[in-house]
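Some structures to go through are shown next.
Below, chain A partners chain B and then partners chain C, in two separate complexes.
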Partner chain A sequence: MSAVLPDNAPPVMHQSPGLWTLAWRRLLNDRVGVFCLAIVVAYVSMMLASYAGLVAGDWNKEKGVSYANPSFLAGAENLEAREVTNRDFGTTAKPVDLSDIDPLAPRYKEWEERAAKIAVTEVKRAETLAFGGDKWGRDVLEKAIKGSEVSIFVGLTAALFATLIGTILGALAGYWGGRVNDFLEWFYNIFTSIPYILLILAFAAVFKRGLDTIIVILALTGWTGIYRLVRAEYIKHGGREYVKAAQAIGASHFSRMFVHILPNASHVILVQLSQHVVSFIKAEVILSFLGLGVPVDMVSWGTMLAEAQNELVIGKWWQLFAAGASMAILVTAFSMLTDSLRDALDPKLK
Partner chain B sequence: MSEDNLLQVQDLRVTFQVDKHSTFEAVKGISFDIPVNRTMALVGESGSGKSVSAMAILGLLPDNAIIPATSRILYGGADLLKATPERLQDIRGKDISVIFQEPMTSLNPVFPVGEQIGEVLRLHMGMTPRAAAARAVELLSEVGIPDPQLRVRSFPHELSGGQQQRVMIAMAIACEPKLLIADEPTTALDVTIQKQILELIAGLQEKHHMSVLFITHDLGVVGEIADHVVVMQNGVVQEQGPVRAIFERPQHPYTKALLECRPRLDRRPMRLPVIEDFMTSGGSANYDERPRGVTAGDAVILEVKSLNKTFFLKEGFFGKRAVPAVKDVSFKLARGKTLGLVGESGSGKTTVGLTLMRLHDATSGEVLFEGRNLLGLSDKEMMAYRRRIQIIFQNPYASLNPRFTVGNILTEPMKIHGIGKDQKERVEMAFHLLSRVGLPEASFYKYPHEFSGGQRQRIAIARCLTMKPDVLICDESVSALDVSVQAQVLNLLQDLQDEYGLSYIFISHDLAVVKYISDEIMVMNQGEIVEIANADEIYLNPKQDYTRKLLASIPKGWDANRAVA
Partner chain C sequence: MWQMIPTLAGVILLIFFLFNWVGGDPAQVLAGKISNPEQIANIRKQLGVDQPYWYQLWVFVQQVFTFDFGRSWSTNEEVSRILLTRVGPTLTIMVPVLVIETVLAVALAVMVAYVRGSLTDRTIMVICTTAMSISFLVYIIFGQWLFGFILGWFPVQGWSESYWRNLTHYAPLPIMLAIFVGLAPALRLYRSFFLEEINQDYVRTARAKGLPEKTVMMKHVLRNALIPILTNVGIYLPSVFVGSFLLEVFFSIPGLGREIVTAVNRSDFPVIKAVTVYLAVLTMIVNLLVDVMYKLVDPRVSFK
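Take a look at the complex of A and B:
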């Protein structure tokens, strides 16, 4: 319309909304997106609070009886807990007096006195916990919260690294084409021809067990899809006139690759990033379930699920449920947020 | 009169629901009639609502379009806007058919063209496959495709752009429609092909006694083909009437402006008239003639000697096929003058421009800029010359990075070339250049998507000016713009040349624009130079057959003798 109007718009001297601001506004208009964003933010703040020790700091304490019932199932029978109790106090038979032949007998009294000095406070173990307990009577809810720390951290960092690798390799292949592209494509083909889980197992076998190892494994195996998409974006944008115009004004290769093209491919990268967070959270669970995941002194949703398979046989379903539900809610919210992000970020401007 | 009208559009309003809270009224209550057996032209610039009106007739508007109940499109006694989808389906393709702008995207790439024509016949005419195939051959020969027996089995990509458009026309006339809607059918085609297609449509219209609704932005085409003209602007009909009246006695200032804005072959005013001249003061055509041409005494700033560029296509496993795009091109560009470069698509004119700037690597040849061969410089040495030769691309929607603000776009080249002491000085220079190209200073903070095509092209021009270049290559820089905006940008380019003494290489397929802006014209065909001469010389006195053919294809607009003949 302005094609026929003179260019005399009133001079408004302020920054007009950029594409990111517009995308943010579009996201805020999407109710599902905002809801999912709220869930994800809640999870991340929960994870941070747990990391700072504000919540679930004592997840490792054995607070309840073995397999303590969830409080909403207080009346249910807990055979396992009773068995343990019986074992502790069941030996009522008087011990045989051996004091005349025992060489240590004179010292028993001294030891008993010393032992009495050490205050042993018998913790009164709770019969029920908010969401039940595991075999050692640890609170399942706290475990799930603490577990989110490992799972989300692994998912986020591994996805960040995988995206970084995929973006850089994709940018190189797509921008330069030719030999660079051939080499990277060859590398990619070899990488993807190996079954995924086998590759993970191979890496896991080589590296020592630990959180950093999982992140490295996931990042090194997960970049391939991102690489392909970023490469395609770079091939598409590399031929665009605005990149030619940048070359004409003398912008360097680096500037053209990362200052000019990258922001225009960022929506693809961002969506890939969040999709990979989801799949890496699941991958960590699978790895831990297979026993290749986090060390035994840590808890993640994956180790919880691994424990839960034995518990399920004896009808203790709450650990499985706590870990499964936490993961399902986060993963679903994250996936739907990703969809909303893609809609919000897709520049429909020509 | 009403029995002579095939279709009547009455008070058509189309509003688009943009999002939950805002709507955009594209067509604001227009009325016109399409007479039987006549060609009716719907003329307007982008955003005038001409295509939306046509889509409304066909019932092909997107779902977010709202048409009030008062609007009516009467066809055969019934209102098409209230027809059932089944009825519309029946009418489309059979009674009313359409040709679109881009033949390549309108044809299905995986089916032979004969089959695609046959499908229409089987669907609407109930023909057997065998009869449909036979009819497809007849139709192809009717639209002037050579060897129709063979061509029915061709796939769309095996045909040229002009032939594809002919296939589209064959499909459109397959069921002998009463109304053919042609939506900018020649805009994507070369001028020589355009002429053939226009002649074909006119011939078919007469032969089949159908009505044609011809949608275009080009009044030159309208004058050649239409009987009646409707001029639209911003969703409103500004003027309508018989073609003679529109061209000889235009009433509305907008019509007058459209007629005058377009550069003409017979006049070359100092400045082109623009729409505002007419909308405010009624306009005046009394512009002085601008003298053009180069003389032997003009200083040469750029000299190209036997430039060659060959592309290699892979063939088979190891084979390569050489495709020469530019063959032995030599020319001189005089300082402060404009060299027009014309040719059809595939003539190599854009490749010449890109190779000069080293955006393509030349295969051989020399580009002497003030005596130094640019093609022999290292990348580092080239940097100093980069800023002195700049390019403005065709599509202003693609040549600006959508993620940069206009401020980023303008200051980036200054940073790269170390122009201006600090950021503050660069910002000031950017402000100055923005006002120089006729944009408000507030544009500095905006993003390209907030501007119209003409404004974006001004930004692209300002970006080049930041580097104070000596030579500016304009690669189809005004081809994508509306006529009125084209006039503004051409005036701007001319002002800048007068002010800064810039030298232009003006690449275009539009011969009227090139004639207006150029001192010297170089005609290219299939990578070779056909003819170089002063602008007036080449138009008055073309030496080569190809040049003559090209010049003859330019739409002449209204010719008072046409009605008589």
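Take a look at the complex of A and C:
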């Protein structure tokens, strides 16, 4: 008698990994991709930490002297910084006595007394800051971190909205074809016949300034490329057998569009999303620089660059460097991650 | 050709919707903070915004076709005059940029595609990616400071009446910066066009019949890759007229781009409306011309 095999042993089933598992594995094998992903994750966590107030919460405080040197340049000559620190308020010449013709003269004393009651805490200002200070002695490094919050938030949200608009319109046009397609193509033609930057400026002219506005503007003007690609995917997939099979089992139009076809177009959408984040971060910086972006009480890399223009002339390069470099690193990492993502999702390319 | 008409109608509708509906009441902006209802009513009447929407739209359509957008709200200069005088400086900068950049990018892309996969190729691509990620603003601020302020090779900013003086004296630095910034993305894109062609069957055939690699690249690949390159230049062409508004702002060049930025800041709607409509028309015409040029370049293309 042969050995009795336990008949209740679980059958060895190898579930084949799905698209996303495979893509994730391919991405993990791509050393450049992983490195870039790490940088992007670091930036996003920095942004979240800054949003939660854990870092750079007091970026707006004037901690150092005006144009404080970066710590690693502590000994370097800095005329602008010295001028402020050495200012001696005690020895200013007495103004000419005008009390006999000055109608306000009798009240000066009263005002002085009132002024004396207000406690002014003189903050000890640092000579150097980690990465230098700006005109008001704010820490440039903290500004750059706080600025990343605005820039990344705008880039991500605007890209999400633009992708949403592009995907929905593209799905409608590609799936239904016919009149719907004609109408949406007309709409697409209108938006693309106006040069992109002009379209943004035209939208900026009519909306009020603000963080939400800039997101709306970028989303409303930036959906066209995604629309076109998603539409092409839907046209390609619309006639495939699996969609017909879905129809045969009674799947609704909505279900076919967004449950069946959408996952098959999602890799295209993800890559587009990632690309748009990069271009919107760049666009935000330029709009903020022109004063069309974030309000004055916020800091973004764009407003930092606007200040840096005048600082460079007097040799204060650190703000330009901090804003430029933090943006460049993020954008490089993000675009290389996009490339890796595309390779991972579509191995036929390369 | 005929599909231009619905598109133009759409553009007019979109701009009308933006500026006459979303834009709100311009009288409030123009009258300023100190104003009484009477003044506002006056301004509204002057601008015609007290009329019903269908009438305002009709006026706007008339403006588009008669090239008469009235006067600027902030400077009272005629809008058509503003456009005509500002387009010159913009083209002085942008035409050389477009020509030099395209020629350079195509030439470099052929060379890079020729040595594809080598260390040189990969190094250049990494440099391009890095160069693309630095903001245009940083290039301008740094370039203006280095070449204009520190080295003094070029004037920091300015513009004159004389065309030659502009071209030889004031324009070179902005042109140089624009080319420098535009080269990296163009090079990357054109390289990918060349690589796509290199994998085609006709290239293998050309090699198989014993042609040297140089002839294959210059005669076969280059000519076929020119088609997507032409499309790309065509897409880019209309924005030549907007110019690089950043360059114009930084270098005080009295061009269209700077005019638009000023108009946006001053809520000077007639100027923005006019520029947007006419550039949309221009874009459509350029697209049509590019389609016609396809036919000349590539005999396989036929019009449906």
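The criterion applied here is as follows: the second predicted complex is superposed on the first by the 298 of 350 C-alpha atoms of A that agree within 3 Å, B and C clash if a C-alpha of one lies under 4 Å from a C-alpha of the other, contacts with A are read in each partner's own complex, and residues count from 1 in each chain.
Note that in this section a residue touches a chain if its C-beta (ideal position, glycine included) is under 8 Å from a C-beta of that chain, and two chains touch if they have at least 3 such contacts.
Predicted model, so just to flag it, every value in this text is computed and none were measured.
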First (chain B), second (chain C), both or neither touched by A:I197: second
Contacts of A:Q309 with chain B and chain C, given as first, second, both or neither: second
Chain A residues touched - chain C or chain B, whichever exceeds: C
Partner chain in contact with A:K282 - chain B first, chain C second, else both or neither: second
First (chain B), second (chain C), both or neither touched by A:A248: first
Partner chain in contact with A:G324 - chain B first, chain C second, else both or neither: second
Interface residues, chain B side, partner chain A - complex: 19-20, 45-47, 233-234, 275-276, 354, 357, 359, 383, 386-387, 390-391, 393-395, 397-403, 405, 412-413, 416-417, 438-442, 445-447, 449-455, 460, 463, 467, 481-482, 484-485
Residue numbers on chain A that touch chain B, as the complex places them: 1-4, 6-16, 18-19, 29, 240-242, 244-251, 260, 263-264, 266, 347, 349-350
Touch list for chain A against partner chain C, complex: 186-187, 189-199, 201-207, 278, 282, 285-286, 289-292, 301-302, 305, 308-309, 312-313, 320, 323-324, 327-329, 331-332, 335-336
Touch list for chain C against partner chain A, complex: 3, 6-7, 10-11, 13-15, 18-19, 22-24, 129-130, 132-138, 141-142, 145, 149, 238-239, 241-242, 245-246, 249, 260-261, 263-265, 267, 269, 272, 275-276, 279-280, 283-284, 287
